[in-house]
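Take a look at these structures.
Each of the next two complexes has chain A plus one other chain: chain B in the first, chain C in the second.
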Partner chain A sequence: MKPNGIVRRLGPLVTAAVLVASCSSSQATSSPAASGGTPSHGGTLSTAYQGDIQSLDPAIAYDTESWAMEELLFSTLVTFDRNAKLVPELAESMPTLPADGKTYTFTLRKGVNFVKSDGSVLREMTADDVVYSLNRVLDPNLTPNPSPVATSFFGNIVGAADVIAGKVTAASGIKALDPNTVEIDLVQPDSTLLDVLADPFGSIVPKEYAKEDSAAFSAAPIGTGPFYLKSYTKGQEAVFVRNPQYWQAGLPYLDEIDVHVGVDANSQLQQVEAGTLDITGDPFPSGSFTSVVNDPRYKDRIVHQTLVSVLYIWMDTQSQDTPLKDAKVRQAVNYAINKDNILKIVHNEGVIANCIFPPSMPAGYDPNCKPYTYDVAKAKQLMADAGYPNGFSTTFYTDTADPDPQIAQAIQQDLAAINIKVNIVTQEWATFLTTAETPHAAPMGYVSWYQDYPDPSDFVDPILSCATAVKGGSNFALYCNKDVDAKAAAARGEQDPAKRTAEYQAIESQIMADAPWVPIWHQDWYTLLSPRVQTFYLHPVWYYDLGNYSVSGG
Partner chain B sequence: MVANVPLSAMRRELGDEAVVSGRSRAWIALRGNPAFWIGAGGVVVLILLALLAPILAPHAPDLQFRDNGLTAAGDPVGPSAEFPFGTDRLGRDYLSRLLFGAQTSLTVGIGANAIATLVGVLVGATAAYVGNRSVSRRLGRWAVRLPFPVSSLLMRATDVMLSFPALLLAIALVAVIGPSLLLVLIVIASVMWTGTARIVYGRVLVVKELDFVEAARALGASGSRIFFGHILPHVLSLIIVYATLGIAGTVLFEATLSYLGVGVPPPAPSWGTMIADHVGYYATDPRLLMLPGLAIMGTILAFSLLGDALRDALDPHNWR
Partner chain C sequence: MASYIARRLIWALVVLFVVAILTFILAYVLPADPARVIAGAHASAEDVARIRHALGLDQPFLVQLGDYLARVFQGNFGHSYKQDRDVLPLILQRFPATLELAAGGIVLELLIGIPLGVLAAVRRGSNSDRAATGLSIVLISAPSFWVGYLLLNFLAFQPLVNAGIGIFPLSGV
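Here is the complex of A and B:
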């Protein structure tokens, strides 16, 4: 995923493996709330974004801005808490892990109501709605088209393939056992089912309202969330109002949330400074970053958190016309990149990535993984060993969004030091993505990967597996190691959290030795708050958990 | 009676051309126009700065000074003895980049405009001079006259090019082919020639009907002799004026393309890119935007003043 409303497409998810035990949340990082104390009830919170809301239909939307707003309107069977730990939401409790890893049974919470756009109750949610909602994501007649990401996420459910193919309208593996019980059967055991159900794709919608026209449902969404959509003026503002029927007593704190769109990052800062806005939705503009972060007035009002993301250089491991197919050359590139300098160029707005998994991921991060340090002499030696003492020239692709072209130029100077002459081509995002997804079109490039759910499998299967080293896949390095694939399949199904973490760390080390990437940094998300915002934190999956914030003096 | 008439009176009597040639009159008009001196001076200084950039620049334009060229927080440093105009976001010397940016701007400005002028003159003059013809052919028993509308074909093609949104066309071309200095040059030339073509077309249409052309034709002069010897000199002043004014537009076009990220590829310095890279600094370090902005403004002003002065000087209506 890519933030700021830029939809990040994903390659097909590999289905594989044995079972279960997903994120064992032990070391989730989260910034402290800007202000503590008991939250006040009532009041209006406002936030602003540059881009418009892409969609409020949970079956379609795939960007962090839409996700944050869908979290206000809808609920899922299970969800991620502020530490990215899976907790029950519409389910009464977490399902017990099945012995065969294939059958999940959810008991639904009773008395949960859908709320209409005037705040009145539509009716009570039942197991039929759950079955309908999950099938709707797979519906091939969904207009404009079903989300390829969501269909790949749910593709492992028994019968899902038939629904995607249009043969049947309901997957046989999604069953309402009684009005309060839902069973989901999988083809292959897979622990990430719960992660996928916790993403907004798993939102429960009323079957008589959410039809195949996605735009119509997005314009008048109905859900069981803490807020309902009162009004939305395209290009201007969306107003969310407190759901008086919300099942969780005493929540939410706020009466209203106003989301302004079409406000650029500079204006967002100015408005928060002037007190007319509560939260900056987009990252700070590069030129203002240092002055804002160092402003003593904002000391307690700036919150930041390392995202579950990695920004990296890929190298075409199967390149026919550049020496990059030689692992020694790719290792040399790893030694040649001055990551400290790149982090400085982005105002230290993140942390160095020595390996693939970010420290903010609940499981998998290995603080001891540091196979390459900045060492030009060693890089030159490796180039000579590989038979390229005089280097070579290649093309380096990046998108036009700031600061990516700047980072590319820093990389260019780093690689010039080991005689690799890099020609930079910057392309607008959509063109860039097409180039990157075309095998061998881009021998090198710089790109980011933001999690779909905070699990190490989401950093291996979609971007570093043989199955995704194809046209249209997100494995831009065309990295294909059968041994890694087998180990990843085993790790995905491992039940013991400690063992699973160890297995993923071994996979990470092996990939780093093969060096398809140069991981560079993990981004921090920064936001500036008005003094009245309380109980604020940044959410690891959808960044802003607007429904749980409050404002002082309500 | 005639003996003692002073020269000035003779000029009044016979008209200027009889005494002083048009070329000299143009120079007299130019000499007295301060705009000409400012414009020409500016252009000469610019060309010198661009040519001497390798000598004048204190540093290599692409060299990133990672320790002393950036603050610890990763921001550009301000002016100092080492970096007279400070550094940019990557710690590169700003003065050096401005100087080498002049090379980019002038290469594209003069190069693209030369191509555009050449193509424009060729198309416009050919269309006007050749006109719409027809060709006679014998097909079996029938003699057929096939229309061969050179003028209509060329000028309608020009209209088609004119009706394209120039910037969008340029962006699309660069997006498809990929950015390079040569491509930027060609792209700009391919959208700038249409104006020259239309103006030259109109003037040649008028000139070719004048009496002296008729006279030359009556004397048996060949088509090429009439065109190059009699018509072209009469549109030359027009071409010079539009070529000069066009450079200003071309420099701005290059800056626009670079600002939009489809100009010369990084790390080559370009004033437009320098502005685009530092837009976020408008509040905290406006130097980064003002310096390349002033460079673009100065260049456009110099070429516009020069072009205006030339136009005034070469227009016979202004010789008095």
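Here is the complex of A and C:
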């Protein structure tokens, strides 16, 4: 998905990709008040974003701002805790892992109620709602448009293809065994089913309210989350109020959360400084980044976290008209790029990417992966070995948003050192995306990938598999290695976490050797808090876990 | 007079029609793919294709244009993906403000224009005629956003900052 408002928006809607970070690298604590003590109950927390909340329909919304809001309103069968670990939510416990890896059975928590927009109980949630909610994501007749992840996330469920094709309205593989038990059957073993169900796309909605009109449900969403939507004035403010019916006793801490929209990043900083806002929702403006981060007054009030993301250069591995189809040339490009230099352009707002998987994704990250370190002599040697001692010319595409064009220029200089003459073309995001996903239209380019969920499969299958090396696919390098594909399919179904991680690390090494990319850096997400924010952390998947925060003197 | 108004109204409709077609063509020829933008950067090619199909974006250009015009004639202006709302309510919501601005503009125009015109006609060829005509030509030719900024600066910002006078608001009403 996409980080909203982040430097590299995925487009107006899209905007998004995903994110974040987690456990391993939390470098800052929240406000001093946060240390120790029990969180206070009550009070109002405020945050602000430049952009409107795109949608509050969980079948549709695909950006981090909307996801943070949906986490307030809805619950899922399982969810990600603050360390990106899968834990039960509406399910009483994690499903036992089936021997064949194809059947998942969930026992639902009893006494969970849907809450209306006045705080009263609509009714109790049942297995029928779960079955309905998951089928709704597959519904081809959702208006104004079907879900963007029906095929990619839910297509492996038995019978899903028939629903997507409009042949039936319910998938045979999603079954209510009794009012408290749901079974999901898969075509192929796939442990990412749980990740998919934990994403907001797996939110459980009441079947009589969430119909095929997505815009209508988005305007008056009803769920089982810790808050309900009291009001939302587009372009101004959304007000979320504590759900008095929430199933988890003693939670949430806050009485109310105000989300202001249409507030630019500079104003967000000023308002937090003035004490009229508690959290900056968007990244700091790049012009103020260094001064804010180095301001001693903010020392204890800045929180940052490495996102589960990678920003990289792709190279057309099947290029017909450039030498980039030669792996030696692509390895030379890897050796030629000075990543430290690029990190300076972005004010060190992140960490160098040695390989593909980010350090904030424990399942898969390999601290011992072999990176290509900056070595111009070695790069020149590889170019000579490949038969291109005099280099070649090529075109490099990037988005127009800062700092991408500056990064492209740094790359251009690095490549000039090994005689690769790069012509930079910058395009507005939506156009850039169309160019990038048109095979061979862009021999090289710079782009980002933010997780959909913190699992290594999300860094292989959607962007580095043969199936996605097609027109309209996100595999801009057109990388297709049948052996990697086979190993990735096996790893995806592997049930043993340690074995699975080892398998993905082997896949990563093999891809690195083929060098379809130059992984450059992993971004950090920064936010500034007001002194009254008490409990705070950045969440690995939805960045802001607003429903679990608290304010002092609440 | 009635036929003049009728003629103007008909021409206004023609202009709206042409503008609608031009806007549609503009969106069509842009190299960006609306289905991709709606689906998000992560959606698979298959899901993007489904969305493209559901929205009719895989139809030939003339079919799409025809569908669009047919819907517009029925009062269906479509859905704003940026704002997640139908377009017609968005327009209607803003229309009163547009009307107010236009009415205010016309009143001001008449208050200033008629006396100046009379002056220019009565003292034909005089310096005041030349000044009035010159001023009109300059103001008509100047881009309205530029004139707008100047007015904001001299009528709202400067008085507020220098003298604390806030008769004209800097934004909104």
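Quick note on the criterion: the second predicted complex is superposed on the first by the 519 of 554 C-alpha atoms of A that agree within 3 Å, B and C clash if a C-alpha of one lies under 4 Å from a C-alpha of the other, contacts with A are read in each partner's own complex, and residues count from 1 in each chain.
We take it that a residue touches a chain if its C-beta (ideal position, glycine included) is under 8 Å from a C-beta of that chain, and two chains touch if they have at least 3 such contacts.
All figures in this text were calculated on a predicted structure; none of them were measured in a lab.
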Which of chain B and chain C A:L415 touches, first, second, both or neither: neither
Chain B versus chain C, judged by how many residues of chain A each one touches: C
First (chain B), second (chain C), both or neither touched by A:E428: both
Contacts of A:A215 with chain B and chain C, given as first, second, both or neither: second
Which of chain B and chain C A:I164 touches, first, second, both or neither: second
Which superposed partner A:D452 touches (first chain B, second chain C, both, neither): second
Touched partner set for A:L72, first chain B, second chain C, both or neither: neither
Which superposed partner A:V333 touches (first chain B, second chain C, both, neither): neither
Touched partner set for A:S288, first chain B, second chain C, both or neither: first
Chain B versus chain C as contact partner of A:N341, first or second or both or neither: first
Doubly contacted chain A residues - partners chain C and chain B: 428, 431
Interfacial residue positions of chain C with respect to chain A in the complex: 30-33, 36-51, 54-55, 79, 81-86
Residue ranges of chain A touching chain C (in the complex, touch as defined): 1-2, 10-18, 52-55, 62-63, 140-141, 144-152, 155, 164, 215, 218-219, 234-235, 428, 430-431, 433-435, 437, 452, 462, 468, 470-474
Chain B partner contacts - residues on chain A that touch it in the complex: 266, 285-291, 293-294, 338, 341, 343-348, 400, 402-403, 405-406, 408-410, 412-413, 423-428, 431
Residue numbers on chain B that touch chain A, as the complex places them: 62-64, 66, 70-75, 89-90, 175, 178-179, 261, 265-267, 277-285
